[in-house]
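There are two complexes below, and they share chain A, which is joined by chain B in the first and by chain C in the second.
For the complex of A and B:
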């Protein structure tokens, strides 16, 4: 018994010694999924299907990048992402259908998201429990969206000024995918090279020490919640632009394998291997997590799995990644 | 006479690191064996092996002459070896009696609270807690008393060998005295006790013999009577520790650098008034809960204060937050580096630059080369291994962590340095370095105020001492008046032998 456990702990130690080996392993795993999909599902590697993967990954990925800021800063998760998107999509479509044009509608929607995000941030920053605060906000935002739209589909006519974002592409890549890549790069640069990014990590690693060195969580909670909410609103705008309509339940019923956007986004952050407690991880991890989940999900769709097994797969991926990263972190810490 | 517990030729490696190199260790029954060494010398590795937390060693462990290999703490406990670790394993909301029987095979399966209290009584009296209400939740006791409950819990397992790992590290003077008394009593009753501590005075007070570990190697156990502090330190360090404490320079006392006016931190009995001069090291003496640490936190904006101001550099204010204090050049290290002194999961370089992000950035962008050179220079000033700057702070030993926790404040070039317990859980070598560095900072013109429950530290380091007793400021000692007896008297019974307390004047 003890031999087995010491064997494993020594294995984990050596794995942790060579952190890049782990990253390499994940890349290999990713390609394994890819090749498996290629071999077993003939239409996996078609241009159309790959476009679907990167599209899906983009929508979840952008939201996950926003949420990553919250998680890294130690403020856990926002459970109101789906509802923020729901309110935002109604706001955008209503504004579009009223004829205000893309730019005005876009700004209008983003401003709403900034307000709802920062309001939640204030409450969390004052010491509110993120789960409770955002669960409450979720009901409020969804109710607001439903009330505003009367639970009806709000549609606006093509051609409209948002089509480039919804269905347009550049050099064969959907524009939303390009946006995803640009946002991912910007987010990573922000985390690595700005004071704000450093504060995200410091406060996330130890909030009390953050306060003691002059970095208060109050401002941080407001900033990160705003970022996450704006990202959710951006995704809502892109989604609405694609289907030229909006309904308040779009992100509750039609999204990803589990059908629930919030769950998918949180799964993405965790599968990427970000520390749930904050202070450790990156937006790149979340981005890769999005592509990985999206690939596996897509492959399962092609194999004819219905939503039950697909949700199961997402769940397994979360459990697996949490275990692996937790073990590696522990291994790398037990050096002295 | 064969030893009760005998370890021979014990070696343990973690990867390339050899934590123990053929260590020998023994203890007889009824003996108190001190186990000392610098941080990283191998004390914890050895203790883990004896107590069953680690069985990946080579060499042999004999208990009562029989070779044993404990693969789990439970197995060690069954064989009669119990360990009280620094982190207590009590459940705060449960009663004292319940906690005594919280685990182990002696715990009754069915019991009422009163039957448990009856059963716990002998063990509680054994550790000197006979006066404590066994129905009281453990969280209502002082930390020292909790520590004693922990030992009572272990005694209920009826161990032959009891390991106490730094039992007094978090305790004030009077609680420490209770622990020491208990150790002595247990030894008289035939228990063998392995006593791990950094506190030299305690080691000499209670240990029969002392085993010194250095760089993972053991030396033959020495009779405590044949050693003194300096020879023991020499054995631990392998070199003579010339002076633990730096010399006191002459301090020109012109105008005070910082004056504390009626600052009344939450949880203390009265407002405090004192001042500190540039170049001075001011010691705040007091036991745990005396308020000496609270006043530091209040000056630093880390703790709320009912009233009061500080007069500092022509300004009269009270910092609203640590951020406010930092902006005025006031640095503060709490007594718990893991709680709020360090970012354990972040690299050392980021820890060292954390209070001064604006100094290493331009227009919100971090200049990584500037950060590195700042970290390099401050790390070397505090003798932190500069080759490890990219490692997580969490992998460092206690002494090195404390150096990082203190060293990070160099980045803001502080004028006032407030430190609560500058060397808690820090080994002798690192302690001397920390004292030296604090003196150097004072000599460069900063004012250093430190609070400590360690009499040795107060008497050795401070140029002037202000003493605290149960939330009150009770006395002041000038350099020539500072000695262990005068300090101890002020912090234990400042109002005479009767311990009469005056009405706190508000």
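For the complex of A and C:
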């Protein structure tokens, strides 16, 4: 019995070792298909379509930039992003419909996001598993949002002070695209040129070394979770400004090509080529990942694919990215 | 009596879970006249059939020190397959097909996790999306439906007042998995790679076999759960069943698993699931909207996490204090010895 099983497992192993070349080949094939599709898709390579792609990428991209901080610091990812956004969108719309104006509503929403983010950060920093903590927080935040809004649509009347963010444009680019670009630049500069940014990399790459040099994960978890939550809240505000209303399930159902915004954001971070174990990657990668996913999606829409193949494509991209990363890392870094 | 006392002292997590289950049940039984009736018992067992499977799957994964995020997608895929093919192939063949597909998916996941040496959350978040795509493909982006409703009638038929064929099957599954976990080498290996992976590897356990077994069982449970949901309601959606992950995780954690792995068991999973079911059913009796149930589940999970993290921190500080006092004692000992050997001037 054990002979047979060891025989089979060694067979599978040698097969899988050959697969590492195969996986790389498949990635090359994937890019070839991508370029072929890009050239053959009608109206893909026009300026208007490129603008659409970046605009589509903006909302997921901003969230992904926030999440990148968490991932780089070695705290995996937050499963509560869309629920944070759901609570934030309700807070923003309720405050706007009560007539408080854009600035106060904006600050109010950001403060709420900071509170929820840092609360999760405290639990993670104390040693709770990030996945389980944020899974619980997700249920909690969604329930709070639904309870607050009575599960109804909260709408506020046009004209309102937030219109410039949702539907305005500057020099021919939508404001949300500009915000995406600015946030991407700011995040990258923070990571590269500030003490905080270098600490994120240190703690993510080697937690023991971080502790030895006086950089505990406790503060880092709080800071990075707050950043991710604030980014999610900003996306919620931009989305709410666009549609002048809010409901708690705006981010849960049928957002974009897949059913789930949180998973889409995590996919973006992974496809961008950030190491999910932390310490390696950058926010520029996440932004480019968002643009890449959005352009693949756009291309498949132009070719007339339904949502099934599109979700499948994103899923394949994630799994490939994981495999390539794991195979490249093999041997160079010890097992955790 | 002494035996019971010993048992409680030996298994504090499990006895806490049982106490919690009794508290929740009696709270609803006292505040609601219809809660402690035969029909409610049947309804609770029907819920147990699905949630128990998911709780069992997550318990096993967490015992092995990993967590399977793709469980909802896997269940949705199985539900779509079984509902779509029941009319053409017959219920039994469709069921076997769906379950073998989901088990195979689980085993492949387990193999790749062990082979690529990645954490399960990393890979399963990818397969979560991938399986949604496959399920959408299989369902052709529609809600698939049964036309023949004899199968739903059969699997929710009442047997022995409390049970249905579905819940009896699940209970049998619990017993088999429980025996497997406690009395076979393979089961002990799963505990070993969860609690102390490096030591287990050093002792010569190949990490692949337990990992494949755990994720295959997890896939099997998810698939069976999805099939039961799909066949009972007669419909299936490719994007549904996302809520299973939260409910299953809460059940597993109440059942006494530790996120560090190597702790907990099948009996705990059953108790944890029952607690969640009591809460769920009781809240439905009190006309609570669905999002509030999610809120309560979230709060429950947060409390359990805080409790676990707190107890771990406390244990750590106790151990450190113990160590320091040991060191102090030794130093004192040395001092005394030195003084003894020093000659008075």
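Convention: the second predicted complex is superposed on the first by the 276 of 336 C-alpha atoms of A that agree within 3 Å, B and C clash if a C-alpha of one lies under 4 Å from a C-alpha of the other, contacts with A are read in each partner's own complex, and residues count from 1 in each chain.
To be clear about the criterion, a contact is a pair of C-beta atoms (placed from the backbone, for glycine too) under 8 Å apart; a residue touches a chain by one contact, two chains touch by 3 or more.
Source: prediction; values computed, not measured.
Chemist: Contacts for A:290 in the overlay, against chain B (first) and chain C (second): which applies, first, second, both or neither?
Modeler: neither
Chemist: Have a look and say if chain B or chain C is in touch with more residues of chain A.
Modeler: Greater contact footprint in residues on chain A: C.
Chemist: Quick check on the superposed pair: does A:142 touch chain B, chain C, both, or neither? Answer first, second, both or neither.
Modeler: second
Chemist: Which partner does A:279 contact after superposing on A: first (chain B), second (chain C), both, neither?
Modeler: first
Chemist: Does chain B (first) or chain C (second) touch A:62, or do both, or does neither?
Modeler: Once the two structures are laid over each other on A, A:62 reaches no partner at all.
Chemist: Does the superposition put A:133 against chain B (first), chain C (second), both, or neither?
Modeler: second
Chemist: Is A:212 touching the first partner chain B, the second partner chain C, both, or neither of them?
Modeler: Only chain B is touched by A:212; chain C is not.
Chemist: Just to be sure I read the superposition right, which of the two partners does A:327 touch: chain B = first, chain C = second, or both, or neither?
Modeler: Only chain C; A:327 stays clear of chain B.
Chemist: I'd like to know which partner A:311 touches here: chain B for first, chain C for second, both or neither.
Modeler: Only chain C; A:311 stays clear of chain B.
Chemist: Using the superposition described at the top, list the residues of chain A that contact chain B and also contact chain C.
Modeler: 13, 335-336
Chemist: Which positions of chain A touch chain C when the two form their complex?
Modeler: 5, 9, 12-13, 16, 76-77, 123, 126-129, 131-133, 135-144, 146-147, 151, 248, 253, 258-260, 263, 266-267, 270, 276-277, 306-316, 318-319, 321-323, 326-327, 330, 335-336
Chemist: Under the definition above, what is the set of chain B residues touching chain A in their complex?
Modeler: Interface residues on chain B, with respect to chain A: 14-15, 17, 40, 55-56, 71-72, 302, 321-323, 326-327, 332, 334, 339-346, 350, 354-355, 357-358, 361, 364-366, 368, 392, 394-397, 408.
Chemist: Any idea which chain A residues touch chain B in the complex?
Modeler: Where chain A meets chain B, its residues are 1-2, 6, 13-14, 17, 193-199, 201-202, 205-206, 208-216, 275, 279-280, 332-336.
Chemist: Using the touch definition from the top, list the residues of chain C that touch chain A in their complex.
Modeler: Spelled out, the residues of chain C in touch with chain A are 67, 69, 111-112, 115-119, 121-123, 125-134, 136-137, 139-141, 206, 208-209, 238-239, 242, 245-246, 249-250, 253, 259, 289, 291-292, 294-302, 305-306, 308-309, 312-313.
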